[in-house]
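Next up, some structures in structure tokens.
The two complexes that follow have chain A in common; it is paired with chain B in the first and with chain C in the second.
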Partner chain A sequence: MSDNYEPKILAFLCNWCAYAGADLAGVSRFQYPPTLRVIRTMCSGRVDPLYIAGGLINGYDSVFISG
Partner chain B sequence: MDVGRHLNINIIPNTEVTALEGEAGDFKATLESNPRYIDTNKCTGCGECKEVCPVTAINEFDCRLNKRAATYIPYAQAVPLAYTIDREKCIGCGLCQRVCLAEAVDYSQQAKTAELGVGAVILAPGSNAFDPSTFDNYQYNKYPNVITSLEMERILSASGPYQGHLMRPLEREEPKKIAWLQCVGSRDINQCDHPYCSSVCCMSAIKEAVIAKEHASHDLECNIFYMDMRTHGKDFEKFYERAKSIGVKFTRARVHSVMEDETTGNLHMSYFTEAGEMVNEEFDMVVLSVGLESKDSSVQLAEKLGVDVNGNKFVVTTDKNPVQTSRDGVFVCGVFQGPKDIPQSVVEAGAAAAAAGEILSSSRYTATKEVELIPETNVVGERPRVGVFVCSCGINIAGTVDVNAVKDYAAALPYVEYVCNNLYTCSQDTQEFITQAIQENNLNRVVVASCTPKTHEPMFRDTLAAAGLNKYLFEMANIRNQCSWVHLSDRPSATEKSKDLVRMAVTKAALKEPLQEIKLDVNQTAMVVGGGVSGMASALNLSRQGFQTHLIERDRRLGGQANSLHVTGKGEKVSEIVSELVKDLEADPNINIHLNTTIESVEGFVGNFKSTLKNGESVLDIEHGVVTIATGGYEYKPEEYQYGKDPRVITSLEFDRKLMNNEFEFDKIDTAVFIQCVGSREPDRPYCSRLCCSHSIESALEMREKNPDMNIIILNRDIRTYGEREHLYKKAREVGIIFVRYSREEKPEVTLENGKVMVRAVDNILGRPLEIEADLLTLAAAIIPNGDIELAQNFKVTTDDDGFYVERHAKLGPSEFATDGVFMCGLAHYPKPLDESISQAKAAASRAVTLLARGTVSTNGEIASTNPMVCSGCSVCVSICPYSAPRILDEGRFAGKAEINAALCKGCGLCVASCRSGAINLKGFSDEQIFSMVSVANY
Partner chain C sequence: MVARLLDLAGIERNRVQLRRVSAAEGALFANYVKEVSQITTELGPFDTSKYRLRLAAIKRALGTRRLRWLSGMEHRLSIEENVYGEKTNPELMQEVLDESIQSEYHKALILEMLELQPLSVREMAEISGLPVYTVSLRLNELENERKAEFHSHEGTTARFASLVASPMSEAKAADDSDYPLLKDSDHIKVQKAVSH
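Our next item is the complex of A and B:
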């Protein structure tokens, strides 16, 4: 693994908290690596375990669920 | 946000009320609007002006820990989200005007005066945090590491001056040891004129200490110095216990002064422990827990409006009418009514709205606006034709992302028929442009790549509706908040990421289906369960707002626990309040009182409940649209302190009953003892019963008045006379009532010896044992909720571990359940004094009226639905749903299968992810749609 390895992350974020938090990170101009792709769900409880598998099968290094 | 978007709430910012003429129902208010030099209708909140502004001013919102420009928005959540120019700081260079592409900057704005006709006025001007600069002993102005609790809030906030990193102001190093000093500017008539308790600071200090420990990168020592720990709110005592368990230290001491070590910036404090030892301790940082005080401008406003204010600069109200000011038609809520926390402020706001509603109900819907509906085009079965609108957001997106590259990329995606780039996709003219583009290009799906759906999705959905397209055929790609703003220095990656986000959105949009919102009629009748003061006050307000109300009481008379109460905290006779309420209710033709009645069963849901009432042998069915649960509580019957074994040992309620029945022979009582927290703040009943401290002191004062020679001793763990109730405590000490503290580990002992009631405790100051012969021992017993489980099941609502009903949200929905159409108030929610019960009763009524007055409820389109052919009837969805939306059908073709009630479903998708059979689909977030995004998300 090279030193500048950045894992590709697929994120499922709850509309009411984590997604709002990601928005606020933008408002506050927090800088983070551009390797995160976000899918909004209305609740982190919506996330089916199959989505996690789906993310990994599609080449993501990790899947992040926050809510 | 909800307020900002509400069609019928007109926000008039930067404006003061200078005069109010007329009377309740017909006021004329004179408004004076100060110029903000930026047109709020044109400003998009992009922030370009702020970037070019050469002025540096102090950021007041960040408590002077940060800087801002002369053009600014005080904080990110401000409504309206539009900039203001601080002309006192502005040098008039005109740079902002030159860069503003929306042409919102207008230096020529002048102050304007306007008149407004209104029926009722609600005062909610809030408060200031106390400024401790005048205290020479804490040297707040001189020592950089002495800060206020408000500054600590900003330091701990992710959007604050240090981005949420725990640092002290001097050299921005992480502190290892922090002290909180309580009651700075509260409970103090020595250095400031604030004899009251601010109610909120104990809890906020504990919260800050817990969060600071979470934010610290190493072990952080937190020590809170206090007089009485006042965690009297719902679940607050548990939080206090939790803070202790994670190592937050609590020291009962009033710290005299703080001295700075000039070389390190550390702070030295000397204080006496309870045992009387003097301790010298050094801290890296000291937080002053500053109290709340009314603003001078609020007091001036009250003066202009003819509203009386008391010596503490809070509005004069009564316990019977806690939101009514001295002027008819003018109401008050929040801290200007008296110091209080957010949950109680929100409750009171509901009460003020309900009280105003009584005046306004006759003119309901005469001045409101309605959304115009456009007939919808049927697009079912059509090939998707997606239109993609890529927003530049001034240069907020275009400055980092190559929006033209994104636009061209989108044009090549499957099903995309139309693409364009807009300077501001959210501006009014762009909405008209989008409507036109939809119609001219026969678009049947729309994607907007711009900011966040959290703020702008509702608006764009309305644009679709205006174009005759189902509003659910819309998807957003968040290329601003979650892309351009967070990758400012990486244009290529940000552009690529934007393309990915647009691709994901387009893929999902192509799979979107038009969704329907079902409209259900709401039965215009209300039901209130429980005929105590809360239930009565709620029913009366519902009726006065124009709705027929059934009041159900299982007892043979109305009044509940209030029948046994003597006076309120402000000295009003409870019996008078009760009899007046009963008289009003009985005279009200809109109210049906059902005494000796219980609820047998309940069917239905929001807007359409059907309850079966039972009175002896007779049964009655009533249909109602909403229900308020006010089932109250009762007093704990102590098993400790020899209760029940001697007539001289009684509970607080028994005390009041005896007092009202004139059963006391005051001259024969030499010594009266009160024991607090009997059955409260114990491991098996961990909550504080909130009102017992004030109640015992009221009783003690009454005794003292009747027999000035009586020895009165109150044994307590903390005295929790919060808010202006602190006056009672102060008065009690002035008249010589003795307060002795005990701890949970070392409780007083009560024995019956030779016909005497002996109380033994340890004096907390002298550390010596104390032996008292009591002629009367009053036990301040806990309040236990009735927490009727059967009723809870009937209305599909929940109770917490202590048996209190669980509200939708502690702050956002304190008087309603998560289940739609069901509301709560009074002791069933949490122990509270009479004035707070009346406030919550009105608040519950106010929330209920928002449903009743509309006449219909619309379901959300994005909800779950079951496929009965696949459902195995396992009931997992029924048990997991927080809103009680699914149920198992018990008859018909699909008996034994689950069905989801569209009126109750909130679309969270818990049931969908939990369904073992894959029988549930969440419209708008289906497996197919989410998988399609997952599969095209990779880059």
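Our next item is the complex of A and C:
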């Protein structure tokens, strides 16, 4: 593994909780790694287990669900 | 459920993470992103090609009617009550779930292999790494469900083939279960009827 390996993480964020939280983190200038590719969902309950499998199949290193 | 399927497939379950963050918790979110990035970095890049068959089987298993019906029911039946006011023992519930997940995963794995070409039980056991007995048991279940059938034999070795058209067909069937999908033979019948 190279030292500058940067993981590719698929993130499902709830519009009302984590997405707003992510927005707040940005506004408050909290530093966090640029490893996420975000998909906004209207609720984290909307995330079908099939999407998680789909994320891994399509080459993401991990899947992060937050809400 | 996804975590258990990943376990069965030999994929690190830490690759899927769930965290609760409220809209007011920007710092917490940033920390979680750091944490998840750290975990993923430690696990290293995910080699999709190595796990193609198993991932396809996971996806297929998750699309089956049985697992879609069962997902989320643990909470409803063991924390809340059913219509008779009975609570289910969480351990018993987990046992039933595990059994279903394992069975659906094995069957999905077999169907994924048979989709490509007819195979014998021994060949399937070699490709998938499952014990021969397990393959033969699950294949029997698939035959009863009319999803696989005897295809041909070479000497005394029997080969089996899949009767399921595409990986997502069962998930589709689950979506509009009031309208069961036509079998291929039905399509042929319809075509013949039209051409006459």
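By definition in this document, the second predicted complex is superposed on the first by the 67 of 67 C-alpha atoms of A that agree within 3 Å, B and C clash if a C-alpha of one lies under 4 Å from a C-alpha of the other, contacts with A are read in each partner's own complex, and residues count from 1 in each chain.
The rule is short, and it goes like this: contacts are C-beta pairs under 8 Å (C-beta built on N, C-alpha and C of every residue); 3 or more make two chains touch, one makes a residue touch a chain.
Computed from a predicted structure; not experimentally measured.
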Report for A:N4: first if it touches chain B alone, second if chain C alone, otherwise both or neither. neither
Just to be sure I read the superposition right, which of the two partners does A:Y60 touch: chain B = first, chain C = second, or both, or neither? both
Once the shared chain is lined up, is A:Q31 touching chain B (first), chain C (second), both, or neither of them? both
Of the two partner chains, chain B (first) and chain C (second), which one does A:C17 touch, if any: first, second, both, or neither? second
Look at A:C43 in the shared chain and tell me whether it touches chain B only, chain C only, both, or neither; answer first, second, both or neither. first
Across the two complexes, what residues of chain A are contacted by chain B and by chain C? 20-28, 30-32, 49-50, 54, 58-60
Touching residues on chain B, where the partner in the complex is chain A: 76, 158-159, 163, 452-454, 478, 480-483, 485-490, 493-494, 496-497, 500-501, 504, 862, 906-910, 912-914, 922, 925, 927, 930-931, 933-935, 937-939
Where on chain C is chain A touching in the complex? 1-2, 5, 11, 14-34, 36-37, 39-41, 43-46, 48, 51-52, 55-56, 58-59, 62-63, 71, 171
Tell me, which parts of chain A touch chain B in their complex? 8, 10, 15, 19-32, 34, 37-43, 45-51, 54-55, 58-60
Please output the residues of chain A touching chain C within their complex, sorted ascending. 1, 5, 7, 9, 16-18, 20-28, 30-33, 35-36, 49-50, 52-54, 56-67
